[in-house]
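Labels A, B, C, D, E and F are assigned to the chains in the order they are written; within every chain, residues are numbered from 1.
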Amino acid sequence: MPARQIYISGDMVPESEAKISIFDSAVMLGDTVTESTRTFRHQPFKLEQHIERLYKSLKVTRIDPGHSPEEMLQISRDVLEANLPLLGPENDCWLVHNISRGISVAGADPTKQVSPATIMIFTSFLDLRDWAEFYSTGCHAVTAMSRAVPAQALDPRIKNRSRMAYTLAEAEVKLVDPAAQGILLDIHGNVAENKGANVFLVSEGEIRTPTTANALAGISRATIFELAKTCGIPIREMDLQTYDLYTADEIFFTSTPYCIMPATQFNGLVVGDGAVGPVAQRLLAAWSELVGMDIVGQGRQQLAASRR
Amino acid sequence: MPARQIYISGDMVPESEAKISIFDSAVMLGDTVTESTRTFRHQPFKLEQHIERLYKSLKVTRIDPGHSPEEMLQISRDVLEANLPLLGPENDCWLVHNISRGISVAGADPTKQVSPATIMIFTSFLDLRDWAEFYSTGCHAVTAMSRAVPAQALDPRIKNRSRMAYTLAEAEVKLVDPAAQGILLDIHGNVAENKGANVFLVSEGEIRTPTTANALAGISRATIFELAKTCGIPIREMDLQTYDLYTADEIFFTSTPYCIMPATQFNGLVVGDGAVGPVAQRLLAAWSELVGMDIVGQGRQQLAASRR
Amino acid sequence: MPARQIYISGDMVPESEAKISIFDSAVMLGDTVTESTRTFRHQPFKLEQHIERLYKSLKVTRIDPGHSPEEMLQISRDVLEANLPLLGPENDCWLVHNISRGISVAGADPTKQVSPATIMIFTSFLDLRDWAEFYSTGCHAVTAMSRAVPAQALDPRIKNRSRMAYTLAEAEVKLVDPAAQGILLDIHGNVAENKGANVFLVSEGEIRTPTTANALAGISRATIFELAKTCGIPIREMDLQTYDLYTADEIFFTSTPYCIMPATQFNGLVVGDGAVGPVAQRLLAAWSELVGMDIVGQGRQQLAASRR
Amino acid sequence: MPARQIYISGDMVPESEAKISIFDSAVMLGDTVTESTRTFRHQPFKLEQHIERLYKSLKVTRIDPGHSPEEMLQISRDVLEANLPLLGPENDCWLVHNISRGISVAGADPTKQVSPATIMIFTSFLDLRDWAEFYSTGCHAVTAMSRAVPAQALDPRIKNRSRMAYTLAEAEVKLVDPAAQGILLDIHGNVAENKGANVFLVSEGEIRTPTTANALAGISRATIFELAKTCGIPIREMDLQTYDLYTADEIFFTSTPYCIMPATQFNGLVVGDGAVGPVAQRLLAAWSELVGMDIVGQGRQQLAASRR
Amino acid sequence: MPARQIYISGDMVPESEAKISIFDSAVMLGDTVTESTRTFRHQPFKLEQHIERLYKSLKVTRIDPGHSPEEMLQISRDVLEANLPLLGPENDCWLVHNISRGISVAGADPTKQVSPATIMIFTSFLDLRDWAEFYSTGCHAVTAMSRAVPAQALDPRIKNRSRMAYTLAEAEVKLVDPAAQGILLDIHGNVAENKGANVFLVSEGEIRTPTTANALAGISRATIFELAKTCGIPIREMDLQTYDLYTADEIFFTSTPYCIMPATQFNGLVVGDGAVGPVAQRLLAAWSELVGMDIVGQGRQQLAASRR
Amino acid sequence: MPARQIYISGDMVPESEAKISIFDSAVMLGDTVTESTRTFRHQPFKLEQHIERLYKSLKVTRIDPGHSPEEMLQISRDVLEANLPLLGPENDCWLVHNISRGISVAGADPTKQVSPATIMIFTSFLDLRDWAEFYSTGCHAVTAMSRAVPAQALDPRIKNRSRMAYTLAEAEVKLVDPAAQGILLDIHGNVAENKGANVFLVSEGEIRTPTTANALAGISRATIFELAKTCGIPIREMDLQTYDLYTADEIFFTSTPYCIMPATQFNGLVVGDGAVGPVAQRLLAAWSELVGMDIVGQGRQQLAASRR
């Protein structure tokens, strides 16, 4: 099997050479902004919006990428193009951007960019096996003990790679159930987000989700707003607490790789009647229609293949 | 000039080869704990305590380094030994540990360690030139607009490399003065810490510093407690606000590379009479005595040399 | 040039005699509510609404002004009338109300009104020169380090003269840029207000501004809601953070004297493309139309005159 | 009876002429720092410390008084001297300093001092009649509904005249009892301070009081620390809640005019056994000894005289 | 007069025997969820919705009642049926559910249900006399000094019998006025709720009430939303502060027994013009129409009868 | 086996008759204060202090018990005396006080005591079997997801029976491990308390525990302070976070029944070396000595007996 071609600051290198200096600010300071786009039928989904959000992250973090958004878009497409041949026709991939401030000099002012930014762009096989069963059974959503980093410390809308707080919170929820998917509350006790996903619930016939004041302004999240409109389901941003999750008819996560992941258990109690709910199913169907492929089917196919 | 020898997960490699995969959790998730030790007269200062704290960070982050503290100490000494010949006799170096959870698999559970931890240990020339003048003139301490990450999100005592919040806060203080050194407040408005240093002040004949409830439990900080005792100066942990900094007789930072950095300006106003104060000087002298070399002199010498 | 006629508790006095006792609660306790109205073409703008808000402030602060709102309106008009002759036809003025609880007795219960309230009403030449250039170039908006006084301590909607917190926060932003205009965050990190203005931004084709839960319920602010409706631009109250300001297409302040002041820089970064945006311009034009005069032109004319 | 001589920015004027412009920043912005000293037997008590704290307030508020502390001390003594003849031998007076930033120009940058500071220094007859009975009966301490302004908005240690929050909180406590003395809690529910006094309690044989993180660093408060030491009573700064007040053996306030005011009722319940407690009495006696006069007696005498 | 028949865990017992073990978790831990429904013309109002909310409370508290909602509904109707003969035709009653986790074993895990839940269902004469006059005169609403329990400690939407915080807050407001009705603020100073009622105000022609993020999701509250729609009055959920209450045109409470209780005084100041307002009156009329009886009349009749 | 004799408001009744009305405020409002004392060798431990704290709770909750503390002490001793014959010589018992405000009238002012308080006093066999093994193995301490009720809502030092928040938090920790013992954090993320115990840790040779600002002022807790002094181990009250628990050498809980319960696991990680630590053992030995019996032995004996 041929190796992936990975873009690092101007060069295409094979995967085994995809390395950066341990003195890069990515390593030294977690000083990296990021985007993860996925393909559907080998087409990148809303890549322009991902690039647009990437440039917001770059602006707020004051990292100069050395490229215009248009150039970045072109490079991204080139990276994807170069790697698509590695994918089977029935599979898809991530397209990931990681951009750091470049080399970090010990003890020097970390806000000064002393080298060009380090730009890492790569594809990654979209392995849906861990999530595929959740389309049918739903996952177990669990509240973390820790609280989300507040926006006045670091805004969650800066899609960044300083993720330790999220990783440790996820370790807490795995204490309850090794397959649990975490839900972080903010420091006031409102529902914030999952380590890499947005949280939605359905109650009184309405889809509800926290505002982006304490959650990533997810592109999958935005897609739910569009699809809800298409499907004629009311949708609303509002402050939510765990009571809302406990008493919801449905809960689901949204994220780039799996699009929608239903949760049928919350902190050990069943959600609604314990089955994946009609709203999640309808949105998944609408999403599949939007992208011209069977999202759930793709996951199940991978799972089936891996079990053979 | 020969290259540094850098330790990466079992191997000693020359600096130019000191690279890690862009798929390492250090890059993908800022999932790295760290220590920075310095030498005085080529001897590492309190290395055992740094290793002890490192193992606390590893425990809390649930990273298995694959080595006992004793082994880690030995490896650290070997790295130092291998690189000391590169140092002139009048100079010193950092000894830095970065340990990540290892390879990160896209979309998989980030709390599971699927490969050995990535252990990076390296020395770095201790360049004191940016700080050397501050021993005489004092620096300008400036409050950030953002607030420190609260302990219930990520405890500051976990010495980690998910530093984006700190970097962005430092960018804010540089708006006031490009040479300013930042002071982060916590979300309640109490003085917390600098991006990589602890903050002290002198008032009513007493040294005061925030508790470690919202600041790194610095080893330099602990050294100040020892030296204050030696010098017979009262010292106390307490909640402090900017009022305390504005009205202090002295302010100083403590950190591994420079030990003590006096601040003679705070948010544009002079601290005390505007000169480096007697307590900072006395503590610097005591520290120099403790380590058998002239700390301030070393910095000045570097500066003088670089200006020649 | 004849002196202004100033109203103090029933008397019209020339400016040089416009004094109050240093024992007045205005001086002793900052115990004063206030309004600032401006004229357009010598007509007071929404004076009735200013008087209405003034009486809300009087009620909440439990100050008895000794006059009905109708009487206060009449007095206000009389003061304006008496002073209009001092204004050139091309200029306008402020009409300011300051009402304190009256004489303060040292050590006595400060909530008891032991004398009639002190009513100060005066006009002031509306000097637009400091802001006039900002109509073309935009100003530099900067976040303060301190946080706004929370409503549970003192509600920002009580338009009052206990302004020290605002003045000191403004001193902080002047450290970044002597011409900067401050933006206060609330204690949770949400955008609150400027020391004397409301803050708006434009994003995704929508005008957004904080709710009045932590900002003055400005009459200029209310005018923006009216004008946005007239112009067919969506407008929404919501919690905003600095991320919203960093990534906004436009930012502007609203306040009585200048109506709308665009900001083209925020914390050292350009806002949008760095030029005054179309929404601010359209709203300024609509406001000019509403009041039958060229608001921007008036400012520029003053500036031009002063440079001659 | 001759009029008081009042010092205003260089001039001594009779009381009836002690006026300032309504355009002074004292009136326009509550932009005034202050001190209140009292005399015992016509001698000012700790005047040097009051002046020292005044200069801290001036520094933090960035007001330039135009005088050195030594000059200010001399002027203060002169004002006192000039007015002492007005006092009967058995009475004492306040010596009050109010210093504002000077003239405020409408719409201009309020942090710029465009005129000399306005310095107001005056004496005031120390009328103890409202408090005198409380020495015997104790007062009624009542919690306000509002919360104290947090230090990150405006530090309570800046002794200032932007007091509206305090006045309104006091109005709340007067709803419970027109003679009640308010106790403000901070936004976390800890005991902060009275509008013009510090709060102490006695429990388990120990005197306890909040830290100055959310209370004025009172000079009377400091005197209690000295006297407690003299009397051999343990004393401690700590976070206190209303539970501590409800279950205390004694509660008392300290402030410049009355020194110590016992509270024998708290929120409608008796404190301890309902009588003024032994610690308050002992401290009052020690204070009387310190200043060579009977503090309680002076108050009672005034009361008796006024009832004749 | 015959005794009430009370349902306790399967048995109907006369009132005098309506007792539970002192070892029940209701007594030992306040571990009880509850509902209070009222009748109008002897018909229970929205009983299904009360049962539905009861089952939400049971779910979130993890109490297994041992009955399906349908069974609970039937039992509830039977209890009502059995007790209606005790009521005069002009009167109505409460129908109260209290369900605890059952017997509590000292020292054992309190979350384990070691016995069947204790189910208490009873009717209670709906005595409107204390509120009847308020329909005409309005009540006095007063802010508590304490703050509401935040949702991250115990969500107010769990209708529960661990009410001590509410009782003590109510004791505080009774200090102001023995007939006062309390208003709790949340820990951020926003209006939350009354100990057993929701709070509404009318301002700018709009009905406003806090969200259920910090208030019971009252069924009377929901009825107001329906009636406002019927009456064509705009209604909105939003964060409110005491300023909103001070400056409102109307304030009213809603709760099961009295439906709507106008407040004409708030913290000692009149609300609006001091009379019960038109919106409250219109809503009361609409509610009366909805239930086919004169709600206000019933209260007045009781009062008149009791005064005879 | 004869039945326990239980005291209810003046009467001694057999256990089977120990019931209260379902209309009691204990049931209706969780309006009950409480104490739990234990015996050692049939002698009540610090009963006077428990009674003293009970009267503090009664005062703060404004419940009038109708008895003096001395009378309550005598009744308590009588209840104990009457029930001691039921205990084997090797066993001990709890002595529990529950005092409610008495009958609660639906809809009436809940703060008014309309009947005598309901006084429940009973003994309970001290069953140590669930904890006995923890003396040897240590328990698993786990952080709750919810946060403790803040003191400004309900002070934890009021030992009360409105415990739902604690029960639900404990249900959360049981999700991690059915035998886990919960640790509640306060709303700022500091360690508060267990549902019925205080939390201590040992670090750097020092015993540390949170202040009583957010934890019950436990009598067992106070005993630890005494024993630490006796044993010469430094002990300190301070703010602690989960980092302190993760990195502690020892963790233990203290509560009336088991005195000291070591924790050897915290959130799934071993505490120290995973064994019960020397400080806990030393304190347990000292406590045994203080009370003249082998505390640990008693628990083990019960366990052994039950396994036979």
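We adopt the following convention: a contact is a pair of C-beta atoms (placed from the backbone, for glycine too) under 8 Å apart; a residue touches a chain by one contact, two chains touch by 3 or more.
Here is each chain with its UniProt name: A, B, C, D, E, F = branched-chain-amino-acid transaminase.
From a predicted model like this one, the values you see are computed outputs, not experimental measurements.
If you take chain B and chain C together, the chains in touch with both are A, D.
Interface comparison, A-B versus A-F: the higher number of contacting C-beta pairs is recorded for A-B. Between chain A and chain C, two chains of identical sequence, the interface residue sets overlap only in part, with shared numbers making up under half of the total. Copies chain E and chain F of the same sequence differ by a rotation of 180 degrees once their CA atoms are superposed, given in steps of 5. A separation of 43 Å divides the Cα centre of chain B from that of chain D. A separation of 57 Å divides the Cα centre of chain C from that of chain F. Residues of chain B in contact with two or more other chains: 60, 62, 146-147, 150, 152-153, 158, 185, 187-189, 242. If touching chains are joined by edges, the resulting network of the protein chains shown has some other shape, matching none of path, cycle, star or complete graph.
Chain pairs that touch, as defined above: A-B, A-C, A-E, A-F, B-C, B-D, B-F, C-D, C-E, D-E, D-F, E-F. Taken in their complex, chain D has these residues touching chain E: 142-147, 172, 175-176, 185, 187, 189, 242, 267-268.
Those residues of chain D that touch chain B in the complex are listed here as 56, 59-60, 62, 150-153, 155, 157-158, 188, 211, 213.
Contact residues on chain C toward chain D in their complex (touch as defined above): 6, 8, 18-24, 26-32, 36, 60-62, 94, 96, 98, 101, 106-111, 120, 122, 124, 126-127, 130-131, 146-150, 152-154, 158, 160-168, 170-171, 174, 187, 195, 257. Against chain C, in their complex, chain E makes its touches with residues 185, 188-190, 238-243, 246-247, 269.
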